[in-house]
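In what comes next, chain A is part of two complexes: it sits with chain B in the first one and with chain C in the second one.
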Partner chain A sequence: MSTRKKNILKVIILGDSGVGKTSLMHRYVNDKYSQQYKATIGADFLTKEVNIDSDKVATMQVWDTAGQERFQSLGVAFYRGADCCVLVYDVTNTKSFQSIKSWRDEFLVHANVSSPETFPFVLLGNKIDADDSKKVVSNKDAQDLAASLGNIPLFFTSAKTAINVDTAFQEIARSALQQNQNDADAFEDDFNDAINIQLDNDTNSCSC
Partner chain B sequence: MFSKIIFCKSKVFIHPSSVATDNVSGYIIITIDPNQSHQDALLYWFPENSLNSRELDWLNRADLKYGKPSASATSTSLISSAESMDDSILMDTKGTYLSFTVKMSSLYSMEFRPPSTSGWWHGSIILHPRSSGLETLPVLFFHDDVCPSTKLKQKALQKNFDPFSAGDIYWGGIDLQIVMSQLVDLQRTQVDPNFWLINASLEALRNFSNKDLKDFRTNTSEGYTASGKPKDKKSSAGFWDKWESTKWSIMSGIATATAKSEEYMTKLVNNHPAVKFVERNNDNPYVRNLLKNPKVQEIQNDFDSARIYLAKWSLGVKEEANKYKLDNQLNESYRRMLTNDLGFDVDADSSFTEEELNRVTQRNFPLTRQKWESFFDSQGRLAVTTREVKDFIFHGGVDTMELRQEVWMFLLEIYPWDSSKDERDQIDETLKEVYNTHKFQWMTQTFEDDQEDDYWKDQLFRIDKDVKRNDRHVDIYKYNTVNGEPEDTQPSEPRQAFDQSGEPNIEQTEDNNNNEVGDHFDEDDDDIESIDGHWSIKNPHLIILADILKTYNVFNPNLGYVQGMTDLLSPIYYIVRDEVKAFWCFVHFMDKMERNFLRDQSGIRDQMLTMTELCQLMLPQLSDHLNKCDSSNLFFCFRMLLVWFKREFKFEDICGIWEIFWTDYYSSQFQLFFMLAILQKNSEPIINNLNQFDQVIKYFNDLHNTMDWRDLMIRSELLFIRFEKLMSLMERKEELARSDTGPSPDLTSGDTPTPQLPIHSKHLQLLLSKKMVISKEQTRTLDSIR
Partner chain C sequence: MTSIIGLGIGEWSNKLTGSDATTDDCLSFLPSFYNDKTVKELKLKVIKHALLSDDTPLIYDLGKSKGGFVSNEIRQICWHKVLTSQLILQPRTNVDGLNIPHCDENQIDLDVNRSFGYISNEKTRTSLKRILKGEIVHFFRSYPKLRYYQGYHDIVSTFIVMFCYDSKHYKLKTKISHQTKRRLSDCIEIYSLLYLRDFLMDSLDFPIDQLGIIPFLIKDKDITLYQKLQLDKIKPFFAIASILTIFSHDLKPDTMNDNCIIFQIFDLMICTHSMYTPLVLYSNMILAVKENLYEEYDKNLENFENETDLVHGIIQKVLIQSMQDKTTYTKLWNNVLATTRTSYTIAKDTQKKIYKMINKASPLRNTGSGMKLVRIVDQNYIGKLIDKGISLNEENHKKLSGNNNDYYEERKYNKIIKASLLIGVCSIALGACDHKMQLSSHVFSAPNLDIPKFTDVAGILSESLKDIKNII
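Entry: the complex of A and B
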């Protein structure tokens, strides 16, 4: 069903298993953290009221997904209608960083967004609280990747110690709202087009 | 003869006549041969007068030692405390007047008739052998007032008198009952609380009715007289004998009735034909003369004191009776509800029969250890059909966590059902060897190929990652210390494999999925590891979980580790508590579950398609509504189906749910009917309140810890029965239609499209099969690492 829910911002979190997607969601929405989140199976979401630029209020729906790649093929139903996609890697895990690009591609293939070039992504390097000795992805590499993906915003976060999580989600909310309004405008246009076509048909039938 | 004595009770009498001086005092003893099954334990009764003073001394000591078992004793502790029997006693009593021996397994039932509290009559037991060919056994009366062990226990009980405990009245027979219940499966019948069935078949347990009891009593009343007398044709007591045996049924009837009202109770007593007979003929001199007979006096006294007796007895049985009544009433309204909920507006053809409802709703006969042991012969080979065993498991579950340890080895087909004990020992050996070979393989492997090396390292990473975050609220997995204990506890503290209740020791605040997760974990705890996951596993149980998963990875190299597999392994290891056995149980479970984890997701997709069709057929209204909510793909079932509801139910409940699925009793895909039952149970709130895809997902994601799985299991079974009926009904209809339209319609009218009948769906057809659905992963190639 294509009922527009203009006041709901839909945000999808993607990334390899164990990078901290569930933790980030809970930290942002409930300001809580636990070691004990089990591996996510399927998909779940939490909602939160957000103030954007101190004058706009919206409801954000944050979707947490399974990191195991093979589960994606089935769960793409919830990609649809997304307003922003958050790509997460673990700064202590190179492989998770290398997978970012394929997560973005996967999303674009299945989400069926109207203009892939402008669709907002945000990149998060999580677990920034870890010992420096454990960090294997350099900030430079991360900045390069963000740039290559179309200058998308990049944040270094820690769901455990709450570093940068709110800041990152403020940006996520802003991008999502922007996207949501663009889409709504486009939808408006589509709607007008549809009416025009209808009118054309009518004139045609009249002239018969 | 190596028999050991495990029970002895003195002052157990037979009453050959109504004259007290005729009574013969004796002993009941139970002996067991440690090399044989508990089922082969022997129960003896023999008279005191057959023994010399040395033997009497021995037995009187045994009475004190073995005459009052503690209620918490287990059959193993019984045996371990047993001592060798003085064989000469058994030899000396053989063949003496009236003495007898019965094997536990040859008993069909037993009656435990408690004494009157007013002391008018003694408590007694009657043993009913299974085969009617056996000689009938006399009634045994427990003279509690002269039995040392009983008196001691009575004294102890009085000291700890609890006026609010409304249990059974204590008497000597209770001690025997406790010991018997540890040797054989002893089940009280609902129709008569004094009547107990021994190692009964599920059929007997389900259907033992008032009528059966009556039939049983009339059939066997020929064999014994209730007073325990050898049959005596001369005595004019025919009526009275019958009277005494019916007296017991009246009494039991009254016990049940006490829950109703006193008035009703009195009416019941006064209206009984026997009571009426006595009353009506009270002025008849012959009857009056008869009433002077001591035996008749005794019975009359029974009734004079009946009210006091009942008032007191009712204290003890009221709870029982109440519960029984409540159960029955509940049962009635529950059945009505189920029929309303699941019967729909169907024609008689597919509605539930009384028998089906009986079978489905009676889930109160769990598989007990005693019952389980009674299934096997002396070589440890199953002596009943697997169907019967599975019936027990499907409808009652396995009684304790400890028993699951054994039963699951059969359910998961590690042990063939028809194997002997020796064969199973052999299997254990082989499995150990094979496991170690596989484990050795990954522990020592090195890779030439970098990509293979990367793959393996990634697998290890994934496995460790999930093991570290799976079921950490469960006692054995909780603390990451080398002994699995919290660091501050005394190391000397003994820890049992299972705690007293037989249930896993799990934090009350368990909530493993959502917002509140892990709030009970103290973040300052030493075992709380840093977020980056770079900590090593020290807990021995977690190490074993990881080792098993790694070994499985080389055992089934194509599949790879997939999230959810740890969820499947953890309860198995918890129950089996042995690395090798848990591995093989997991292997067999994965035979079934591999289809859920395939790279292309075809197996889980198939099940979700099946669910969609099943839902259309069985719950059309809900199906329509889900379509409107953009949820017809049933994505919200994904998690529940993938790990068999592991995330929605408590850890201990999952054990009960899985073992039922493993029986393949109705269908090898019974989990889909359980899923259907969840949909059915929730369909009203869904239809009334939800109208968006995300709302539906949220609703189902938040169901964990809110559902009553036993109720759902009953619904699942009824849904299956109905499904089966619908399928065969449609098949019959189609056959009829075919024969109506001529011999070969497809030749004459090839263009008629086959109607979309559910019986043509291969998905639905497959649900009727008990054969395991197996889909294996394709051979792994380098780029299929996902």
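Entry: the complex of A and C
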């Protein structure tokens, strides 16, 4: 399996336990919501055909992961080959917001991405359907964080009431596709370089 | 054949001695014209007889045979009987600790709130959640050194559904008697202490080690499947949810079924008193669906980014598919259980190899080894195993994180070695050239005629490199 699958966009959803990762994935892929999603153990995935900018078609594979910290050690296996990483926090939970940076760092350590500076992340503040009195993370703080993480896109979502979920995932798909093409181009460049070296060698050996 | 020190072996169990090796049906001596219902009723009578006559070995054999303990009404008593025959819990002397919150109670709350989603009645669901939270919190406050993991709540939920089951009305009770609650707590405590210690550390290192046994078992049984799924190259993380939860994450109890699969799995596990049983069961399940896996593998080659994703993806898909249809699901798991009932024993030489893969305090080596069963009377023994496990886990973790830090150091070190080697090799080669030149000048007295060419040097260089590689 050395050939890259160009039509698959691999997206990883990360964030603390209970922020709504599974709900966001189900809302996006099946347009469904349930109060009764069980805790994710290890990793589950769902796929969805996506149209990007109305002319490109791809298959998005969304990988949903367990939120408890110890499950990060499985990340090495699941993060590999990701095209976009979605960082989710819960607007009613300060700790989940404070963990975002460490989730991103952990991802970069394990995912082995080609250029960490340009790898696409998308930040989602979920559960905005909650009462204002329960919201503890301000929009301003979220915007500052998104800016400090390299001006990454930020969306305020509700998996429960389907607010902004599609919009966010359109952006996720676009970023993933872009990353996927960059990687494919890099792969092609490497491939061409390899051929050039081979040709150079041939020339040398002919002249002997 | 299980033997329990200090307990007699009944007449029934003698009749059943041979059943493990040949068939999983402990009532196989009955004429075949008995239908399933009659067999079930007869087995129920035998179980009741075994309980009345306190014939524990027979209870073990009945739990390990086809259908397990058959009915939830009697299963509660059997589970308690079996588990308390494995460990005697000391009466609690210090109850103050139960008021001190455990550091994982936040996570426990989150997971309890998401439990019992398959129970449609809200009132029942709420009361089950309340019992679940009480039991988990009680356990961790009693053993504050142990850590909660996501998935433990699935195991405890399974015990709770069993103990809240009302067989007469095919529904779950919202309240349980004081005696039932005591039995439930005992079972959860003994089960966790004897079998789950590797999972109750603060990392997934030990469970991941256990997962490594699955490819090992598959390789032994079907090398073609092992190679096809490239199990030598990928880590078997696809099995993590099943193993951490003893299948209870995916296989939920069906409240309309008095003898559902997940309960039969627990019957088999506690009666084989072996943590190998879930691993063997998982391997057998993979073997049972291998044709579907082959098909899905070839169909999905292009659909995944890498091999790990592909194997994880197709196993998940095949299992989900098998669960969508009740008949397929029951048939598959009945077959897998039947195979496992006759193949749960791990050969001694296999076990020796497995020991190299697991930690020295692992339940797989002692309290959950499935070897000769000794009733543990001294709970301090368990305490020592817990402490040993915790210290090994810490050591292991330090080593692992140390490895990460050492990565750059190691690379630097490697570069220095490589550079020194290169210098060494070059001097040997040049020395050889020099030597050859001198030699030729002596013999022919005309050194200019036979000066070693660059190709000779390259040849010597590559020879020396080969030698060095061999030495390394």
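In this text, the second predicted complex is superposed on the first by the 193 of 208 C-alpha atoms of A that agree within 3 Å, B and C clash if a C-alpha of one lies under 4 Å from a C-alpha of the other, contacts with A are read in each partner's own complex, and residues count from 1 in each chain.
By our rule, a residue touches a chain if its C-beta (ideal position, glycine included) is under 8 Å from a C-beta of that chain, and two chains touch if they have at least 3 such contacts.
Treat the numbers as computed from the prediction; the structure is a model and nothing was measured.
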Looking at A:Lys101, would you say it contacts chain B, chain C, both, or neither? Reply first, second, both or neither. neither
Regarding the shared-chain residue A:Thr59, is it in contact with chain B (first), chain C (second), both, or neither? second
Discussion item. Just to be sure I read the superposition right, which of the two partners does A:Ala130 touch: chain B = first, chain C = second, or both, or neither?
Written reply: first
**Asked** Does the superposition put A:Ser17 against chain B (first), chain C (second), both, or neither?
**Response** both
Per residue count on chain A, the busier partner among chain B and chain C is B
Interface residues of chain A shared by chain B and chain C, listed 1, 17-18, 34-45, 61, 66-68, 70-71, 73-74, 77-78
As the complex stands, chain B meets chain A at residues 458, 462, 465-466, 469-473, 512-513, 515, 517-519, 521, 528-534, 562-564, 566-567, 597-601, 604-605, 608, 628-630, 633, 635-636, 638-639, 642-643, 647, 692-694, 697-698, 701, 786
The residues of chain A that touch chain B in their complex are 1, 3, 17-18, 20, 23, 26, 30, 32, 34-46, 61, 66-71, 73-75, 77-78, 90, 92, 95, 127, 129-131, 134, 158-160
Contacts from chain C onto chain A in the complex sit at residues 107, 110-111, 114-115, 117-118, 149-151, 153-154, 202-205, 208, 234-235, 237-238, 240-241, 244-245, 249, 301-310, 312-313, 316
Within their complex, chain A touches chain C through residues 1, 4-5, 7-8, 10, 17-18, 34-45, 47, 59, 61, 66-68, 70-71, 73-74, 77-78, 80-82
